[in-house]
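Each of the next two complexes has chain A plus one other chain: chain B in the first, chain C in the second.
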Partner chain A sequence: MSLLEIRNLRTHLAVPGGIARAVDGVDLDLGEGGTVGVVGESGSGKTLLALSILGLPPGGPDQIIDGSSIRYRGEELVGVGNKRLREIRGGEIAMIFQEPMTSLNPVFTVGDQVRESVGLHTSLRGRAGKEEVVRLLGEVGIPDPSARMRDYPHQFSGGMRQRVMIAMALAGKPSLLIADEPTTALDVTIEAQILDLIKETQTRLGMGLLLISHDLRTVSKVCERLVVLYAGRVVESGPTAEVLASPKHPYTRGLMGSRLSMDDRRKSLRPIPGEVPEATSWPRGCRFHPRCGEMIPRCRTREPDLLPLEAAAPDSGGAVGPTTGVRKARCWLLGETGGGA
Partner chain B sequence: MGRWIGLVLPGLPQLLRREAFKGTSVLLLWLGLLVVGLTRFDRVTAAFDGGLHDRVALLTLFIGLIGAWWWSFRDDRSHRIGRGEVPYGSGAGQGVWEAFRRNRMAVLGLGIILTLYLVMLLTPFLAPFEPELREAYQPGGDASRILNPPSVRNIMGTDQYSQDVFSRILYGARISLSIGLLAVGISVTLGGLLGAIAGYLGGRIDWVIMRAVDVVMAFPKLVLIIVIVAVFFPASLFVIVVALAFTQWPFMARMVRGEILSLKEREFTEAARALGFSRRRILFRHLLPNAVGPLTVVAALGIGNAIVLEAGLSFLGLGVQGGHTSWGKMVFEGRDFLLDEWWIATFPGLAIVLAVLAFNLVGDGLRDALDPRQGGGAGP
Partner chain C sequence: MRSLVFRRTLTAIPLLLGVATLVFFALSLAPGDPATLFYPIGASPEVLDQLRRSLGLDDPLLVRYFKWLLGCLTGDFGVSLSPRYYQLPVRDVILGVLPNTLLLAGCSLFLAFVVGSLVGVFQATRQGSLIDSVLSGCTLFFYSVPSFWLAVMLGMFFSVKAEAFWGWPVFFPASGVASPGADSLSTWGQVLDRAHHLFLPCLTLTLVMAGGIARYVRTSMLEVVRQDYIRTARAKGLPESRVILKHGLRNGLIPVVTLFGAYFPILLSGTVLIEYVFTWPGMGRLMVDSVLARDYPVVLGGTFLFGAAVVVGNLLADLLYGVVDPRIRDAHG
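Presenting the complex of A and B:
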């Protein structure tokens, strides 16, 4: 049984100007202790996907369309009661956010906030609760935790605040950690530290990790599997190394072309032209075709399906475990069946 | 050395360290209470068997004295031990307090308010006469005690019943100052709660609460209060407090609703939800504490407002009935003598002005201190 199994997740938001189909039929699998990275530009539906898993889309759980399915260890989360959802949030699935500057409540000490999280999800009270707070803060690398827990968020740097957020998320001993752009607001040096911390914690506690980022490089450092999201749909997925070695979808290639690499200095940046269209009116046919450099006529009229590719290396088939799985892509260029790339 | 000075004269060690603000206020408190206690020694001892007000005054005296002494001692000690570090109070409120302190007028207002309430509590020891002592009407009374101008004996003169105006102002402070505090206390609780619920839940509940706010705000305040008081005439203290609170809560509700509306979009709210906190807990434990700052501003201004409204009500003869006096009632009683015996209405009027001014100064000071755009409180 996999840890998280998402089938045909559609979250549609009512916005001025119509219905934004921001997450529109996403499939995703995550095994126990596995790591999956979700990559895409702003507006591709990454954050909403994460919030939907917790039953927290901005306008309430009703925005998750019927027929969507989110199974956590086999338990269906779509349509489950509020009480059960609250137990799951923080206790089973925890989430950390992009802005460590504003994710902590400015009027309470850091210790109080971690302690509240501890109090909610464990039976540790009083002295034991305080010790747990110190332990958690120490675990995420806050120096001198028993003194610093009396400080307020504004006395912490961005990286330290993100560590506190991680401590709060770990308080409930979750089995799945969702990290929504956890390092985007941080310095590059701090970014590496926080990523290391997340990865190290994930390995040590055996948690599943869903890492959301707009940055392929971030995700490739941490995640075994990669899911590329565009316009509310998965356009490519597969083991990170394989996807990066031979990206099949033009959008994935575009993402790779729009980042700088230290290794190949001579390569120039090739940004993807244009931007993600409005979620109220996705283009007909393939949703990427207006920005695609390799468009063929069929892209304009019909949308390709997300189809499995033929295994790139048949002899490694046995090693493809439940955490990595098969490669899939959604593109006409890969042929009618998807396999003939 | 400094420690021993502090035992005799609390505040002096702080003053010697050039912490003028702390030092003078503690020293003044200590000396003032000591003078009161020694010069009115007979009344203090008598207060042990006295009524509620006497006992409250006694308690205030002792708490004040011991508090000043204890604080000075502890502050002095922590100063010696933790040299070079901040021993306490480096919290989120720190910046606000620093900004507030730089605003001299606001600090002056706070000083006036604290003094007023201290005087109010100590009234039984301070007042030279009983508030209802009509010397001219006593058996064998002296008829020349009526309408005396200010003198050494009656520093604010006497009124048409030969009552001492100064003593009546001291006793009247009880009604005037506590009405303001109680009315704002109720309206902050009620308005804050309703505003928070309206802002957080939104939708139909928000609509209902905010329309109620609109309806109450559509009436002129004084008219609304007069109607409520007239219905329950003769009005008790309780009715007047409730009437005042009823006209004030919509302002609190509106303010808190606005705060909550913006706070609930902040990321820490989302983080709290993602960690599984219940809606009630998020609203009351996470959001509302963030709205306390602005609420204090409205509350401080509201107390001044309530004092004026009560005075207006008393001036119209609709104020607290019975034996109680209040500043507004004293102005009302002195209106016929305003031109010749000016002291009867003028001194209570000045007391009202002083109290309201002090609350407004503090309110403005708090607003400036809490406003990040002003970089923390530019003084006037």
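Presenting the complex of A and C:
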């Protein structure tokens, strides 16, 4: 049984300009202990996808449209009662956020905030609860945790706050960790440390990891599988090594183009022109076509389906393990088969 | 934190001296000679001279000023001139009525913050709903009506004309602090009797202040619930009530604490009028009576006390700000 199985997830928000179809039919699979990276530019719906898994879209769970399915170890989370949802949040699925500076409550000590999670999801109370807080803070690399737990968030640096967020997330012994751009707000040197910490913790505790980033390079360092999100839809997915070796969707190639090493410059990949359109008015046809350099007439009128590709190229080098699964892409250039359904 | 307390307390001292100075000169430079004001026209010059001497009014202005400052420091404001308290030290006159004012003001301030905060939080969690709009209308009403008008209206509604409005008598006393013969009641009986009398003046002051506080808390909470740490609190699995009342309210109340300083003067001037309407024998009532009775030393002492209360109220608000917001505490060492 897979850890997380998302089918046709649609989260639509009522906004002043109409209905923002920010997450619009996303499929995603994550095995026990597996690592999946979600990439896409800002505004492609990554954060909302993550919040939907916890039943926390900004206007409440009603924004998740009927017909969406989020299964956690086989249990349907869409429409589940509030009480069960609260057990899941933090206890089964924990999340850390992009902004460590504002994600911790400024008026409570970090110890209190970690301890609150310990109290919610474990039976540790009193002295044992306090010791658990010290242990968690030490585990995420905060020096002198028994003294630092009495400090307030503003007394910590950004990297240290993100470590506190991770300690808080680990407090409930979750089986799935969602990290939404955990390093975007941090310095490059700190970024590597935090990514290492997340990866190391995930491996040690055998958690599943859903790592979200706008930066293909960040997720490819950590994740076995990639899901490329554009305009609320998955445009390509597959094992990281294979996707990087031969990206099938022009958008994926574009994301790689904005992150080129010197070697790759020869392939003359350019960054993607323009930006993600408003979620209230996605383009007709393929949602990427107005920005696509390889557009053909059909892209304008009909949207391609997300279809499995033929078996991976033999020279891709990436070991295709049991958790990595098939490759899929959503593009007319890949063949005529799609679009009929 | 300790150095913050120390520093703020130090800055309050020159402020208090300023208040004492202002009060003194404002009243000394006002037209009219207290001696002639006090005695009927045609009193003999010898009598007036004697009175001036006993009041120290024959001293030069500066001498009187320093005597006054010294008096403020030692709590000696002279003796009352009114026939009612004749020759009683002003301090004792004031201390005699101060508990009544403190009871009224303290209860009203406490209730106004509790009721105002609850209403504000409730509205913020139901932003845009019908009940939110209705409550906004109510809070705007209580925020804008003059307190003495509200006092008169409530007095009519619940006391004087209650029977005409409700069809049966709703009796809350509209005057005084105690029923005649309350002394013979048991302790509990006296407490209940006092609460009964406190009801209308306290309700008036509470409503007037709670209106403004609720509007402020609503705005503040609407800002707070959009913050990232609220999302974090939800994501860790807290029930919504604790997300709002613990993580939200604790932050939402930070700006409200500064209101505490702003409400102190409103509270004091409010008590003056409301004590008068409900003949509540407190500081406000004493001040009005003393002005009418030309009891110059009591007016002077009372005004200084009001000024000092405003300074101390602001000092308390500053210190509370440091208590509720750890970032402030640190920024000041």
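We adopt the following convention: the second predicted complex is superposed on the first by the 318 of 341 C-alpha atoms of A that agree within 3 Å, B and C clash if a C-alpha of one lies under 4 Å from a C-alpha of the other, contacts with A are read in each partner's own complex, and residues count from 1 in each chain.
By definition in this document, a residue touches a chain if its C-beta (ideal position, glycine included) is under 8 Å from a C-beta of that chain, and two chains touch if they have at least 3 such contacts.
The structure presented is a predicted model; accordingly, all values stated were derived computationally and were not measured.
After superposition onto chain A, the modelled positions of chain B and chain C overlap sterically. Shared-chain residue A:329: touches no atom of chain B or chain C.
With both structures placed on the common chain, the touch criterion links A:90 to chain B and to chain C. By the touch criterion defined above, A:226 lies against neither chain B nor chain C after alignment on the C-alpha atoms of chain A.
Legend: residue contacts after superposition of the two complexes on their common chain; A:105 is shown touching both chain B and chain C. Residue contacts after overlaying the shared chain place A:30 against neither chain B nor chain C.
In the superposed model, A:39 makes contact with neither chain B nor chain C. Comparing the two complexes, residues 51, 54, 56, 86-91, 94-95, 97, 99, 102-108, 116-117, 120-121, 152, 154-155, 165, 168, 171-172 of chain A contact chain B in one case and chain C in the other. Every residue of chain B that touches chain A in the complex is listed here, in rising order: 90-92, 266-268, 270-278, 285-286, 289-290, 292. The part of chain A that touches chain B in the complex is made up of residues 51, 54, 56, 86-91, 94-99, 102-109, 116-117, 120-121, 151-152, 154-155, 165, 168-169, 171-172.
Those residues of chain A whose C-beta lies close enough to touch chain C in the complex are 51, 54, 56, 86-91, 94-95, 97, 99, 102-108, 116-117, 120-121, 152, 154-155, 165, 168, 171-172.
Remark: chain C residues 227-229, 231-239, 247, 250-251, 254, 324-327, 330 touch chain A in the complex.
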